[in-house]
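Structure first, commentary second.
Letters A, B, C and D mark the chains as written, and numbering starts fresh at 1 in each.
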Amino acid sequence: MNRLNVELPGLKMKNPVMPASGCFGFGQEYAEFYDLSVLGAVAVKAATPETRRGNDTPRVAETESGMLNAIGLQNPGIDHILAHELPWLEKYDVPLLANIAGKTKEDYVLVAERISDATNVHALELNISCPNVKEEGLQFGSDPQMAAELTRAVKAVSSLPVYVKLSPNVTDIAGVAAAVEEAGADGLSMINTLMGMKIDIRTGNPILANKTGGLSGPAVKPVAIRMIYEVSQRVSIPIIGMGGIYSAEDIIEFFMAGASAVAVGTANFSDPFACPDLIKDLDRLLEEMEVSHISELTGRSWNKWEPNLSSSR
Amino acid sequence: MNRLNVELPGLKMKNPVMPASGCFGFGQEYAEFYDLSVLGAVAVKAATPETRRGNDTPRVAETESGMLNAIGLQNPGIDHILAHELPWLEKYDVPLLANIAGKTKEDYVLVAERISDATNVHALELNISCPNVKEEGLQFGSDPQMAAELTRAVKAVSSLPVYVKLSPNVTDIAGVAAAVEEAGADGLSMINTLMGMKIDIRTGNPILANKTGGLSGPAVKPVAIRMIYEVSQRVSIPIIGMGGIYSAEDIIEFFMAGASAVAVGTANFSDPFACPDLIKDLDRLLEEMEVSHISELTGRSWNKWEPNLSSSR
Amino acid sequence: MKKENLTVISQENLAPRIYRMKLKGESVRSMLTPGQFVHLKLGGRHPLLRRPISICDVEEDQLSIIYRVEGQGTSMLAEKKDGDTVDALGPLGEGFPITPSDDTALLIGGGVGIPPLYYLAKQLYDKGKRVKIILGFRRQEEMFLTEAFSRFGEVFVTTENGSCGTRGFVTDAIAKAGEFDVFYTCGPKPMLRAVEKAAGTNGYISLEERMGCGVGACLACVCDLKEAETDKSYVKACKDGPVFQAGEVVL
Amino acid sequence: MKKENLTVISQENLAPRIYRMKLKGESVRSMLTPGQFVHLKLGGRHPLLRRPISICDVEEDQLSIIYRVEGQGTSMLAEKKDGDTVDALGPLGEGFPITPSDDTALLIGGGVGIPPLYYLAKQLYDKGKRVKIILGFRRQEEMFLTEAFSRFGEVFVTTENGSCGTRGFVTDAIAKAGEFDVFYTCGPKPMLRAVEKAAGTNGYISLEERMGCGVGACLACVCDLKEAETDKSYVKACKDGPVFQAGEVVL
């Protein structure tokens, strides 16, 4: 019996686990460890119109139960991604969620339009929340109006489902979520990283060359759970949950908070086999818990009535 | 030589370490472990006009490198605090920072006015950021205008220096900081807890009776450091830094980010001797680092010129 | 109330996931009252908070505790080897009072609520009281301490599936145990509620509440008083308890 | 590139804070190239990330590493006892190439940049190359491996305080070492810059960059290429390196 398959707009997934954008490159590296077809989906690294060099190094710093990163959206640009990275992934039976970033609305529209032609891209993920890029991206994530407008503009040029990746660095994340839903978003991804910093006390300088960076890993999980709990009660589009997932129990917690699928980021760095191991563990845990299908758990923390039988399985 | 004494508005401190509000009651319990006069100051538990029962239990849940709490501002009310709690503390040679909370501006003004008469209260700390109390407090913390107005109202009734305790659950903490400085705040305390949640996967319910709670402990330190780094460059009033302090190295990091004193919360629960141990370790570490006075380190991560010689020592 | 690194001197598996650990240290000499607990810090910073565990027995400078492996903290406890140390804060809280006027005591324990009653049974017995003990388990395989208790008085076992003793819950054995002057109970909340209902008000109840500080400072562990006093409407399980008079607090 | 729990077979203190650890496991048999590294996971979830450590020597299924205790990860490594295991991912990265046309190799190592050069010296020597070795330390007490290296060639020591060998930095011994065809260097960045300046371009440099994944996925460890190629302006230290041709990347 299959307890794990889920279907989200555009994404027919064997299981609800995908690597998170930026934590898996375009898959090549992890393909040396396992067959990528075992994954539910792959969220590929952010694409921008032009080649991006990213920030200076150091770009990562470890914190208690977490890490900071300030990669700065380094990527080879949409042309190269279309010509080399995405075609390489075609040999795997796995849907792609294409993460898109940019400086302006026009940037997002351009990348969305072009990347939608790739046959293995099944949905778009608008990264309106990357905190590591100066004077761009971020304001889209903190302003409901701008986020909605961006969503509308991208929806207008692409027939693919659009997921908006929300920033946790805001006063009212549910407000942003509601605004993008209203603007036509098909799903949400949350959360992106929390803005943080670490100082090397021997030098007095921030460890990251960019000074601030995005906090990810188990440290942020309670914040992610709270936000998904809040947003899932406010919107009716599905949520891809992420932020500190390291165990199958964590995945169940994200579902119970309100997620319909999950993404795994930092855990890949601790263990390259994180995703396939989580998928196996999750299946076993659901069996132990006598849960007949993972999607029954979505929103269980607030939705006390019977499982929604119309949900995909 | 004394490397540790610092002077902040209203607070002449032997050393820069105080227990954080809500994590030390009114001192009685920890006085069974050590002499409270060794502390730089004590931030006492929040006072409200009336007796508060607080939230249902469970009120705490552990997370990775952190904890969630939803005490709900339980306190015996200003009358009882003035009659019993503060007088008991008079036998110690330590200045008090009185934490104040309320539902309305009038609540804050009332408590501020009355508590200012206590002889051992040397400064006020406006808790505009407690995330565990429904429909109150929080909106003061997320709206710069309301925070400023509240600050002004309290300043009008009390001659004591006023510290405003900022919420990290906002898009633009520096905006709130600048607004309260403009309104006459003498200092800032930051950060209060991040809103979070944890679900018990065996039951599907949030562990806390209040569902959401405030995240504290080492997990949040990178967020605190980032916010202090940002705010200290924007305002010129001193900052009492807090959020995950567990070691003397952490204290140095908070100073380098921009703090002029620190508060220690959760660490007291892990070890009742946390504060006196930190004070000793800090002195030793400064000696090792050949720092002649702790206040030289304030803002070192962004302030690369010579130490400000006019700073207190 | 001291903080000390106690030394592990033995570790024994009593039943599935149930262990008895003996620890040695000077502060143990002050652990005189049954029902008090120690607050254990495991593993440096992970987990972050201490874990409350009841005092099960004390002999001079040796402390016995009995614990069930539940999560990270108790798993780390189970991994300790002889000679390792455990950072223990204690004794904490108010324990069971021994009331001179009561001659026969009924002790009612369920699961890991049983350990503190052992030290209590021993002290009652040493004081010449008559002791009766009801011990509730889920099933026979999970039983522990039943023989040790029989040194101090008659033991009545209940198991949920009837695999040993009376089938059902501890309350199903109260009638069988017969008369008593005072009762003492410790176990999960639903059990405490049932016992309070069945056994009356001359008794003492030990509560398990999630704790933060364990010393009375954080207000994590409060319970409402059934009848609020003028200045006090609640108590702290860690400091005013974990033992309360039956009927004193809202369960 | 495998993940395996290697078994600790010995641990030795070589100098203050410097340890040599020997580990055993099947995956070690594939660790053939000097300059490659293993990525070690210590202590479950704390610390969260792996730690890169160079391969210092390999004999059949036995790996030697030499490390300096810096922070949490290396402290935990130092606490390992014989029989404990260490989760190791490796071999990772591209190591030092041995170029057939070059007869005399100059190896220049500073501090914990020295260990990977040991395995290299051994292989060069086994291939019949002439090997000269410059080893830089801060002071005499911190020296290690100098005798072991002398099996493979002439060793020149430098110490910053002059307590042994040439006073100064590794670059101060290059002239003394005389002629060479190719150089190999590993050490802190300022040293690498100085060496690149002093020793020319026929050589190889091993870089230490802070890493996230260690396998090329996170882009934590990128270095700019001095001359960007059409499709490529940067390299990843973990995957394309840590060894690069002198002059290839911006230091």
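Miscellaneous remarks
The rule is short, and it goes like this: a contact is a pair of C-beta atoms (placed from the backbone, for glycine too) under 8 Å apart; a residue touches a chain by one contact, two chains touch by 3 or more.
Since we're looking at a predicted model, the values are computed, not measured.
Common neighbours of subunit C and subunit D, by the contact definition above: there are none.
Ranking every chain by how far its Cα centroid lies from the centroid of subunit B, the top place goes to D. Centre-to-centre separation between subunit B and subunit D, using Cα means, comes to 46 Å.
Averaging C-alpha coordinates per chain places the centre of subunit B 36 Å away from that of subunit C. Contact with two or more other chains is made by residues 64-66, 218 of subunit A. Listed for subunit C are residues 45-46, each touching two or more other chains. Taken as a contact graph, with one node per protein chain and an edge wherever two chains touch, the assembly forms a single closed ring in which every chain touches exactly two others. Contact between chains, using the touch rule, shows up for A-B, A-D, B-C, C-D. Touching subunit B in their complex are the following residues of subunit C: 1, 3, 41, 45-50, 89, 209-224, 231, 233-234, 239.
Put simply, subunit B touches subunit A in their complex at residues 63-66, 68, 142, 169-171, 194-199, 201, 204-206, 211-212, 215, 218-223, 225-226, 229, 244, 249, 252-253, 256-257, 289, 297, 300-301. Only residues 22-25, 28-30, 32-33, 51, 53-54, 57-62, 64-67, 69, 71, 74, 76, 80, 217-218, 246, 266, 268-273 of subunit A touch subunit D when the two sit together in their complex. Residues of subunit C that touch subunit D in their complex: 45-46.
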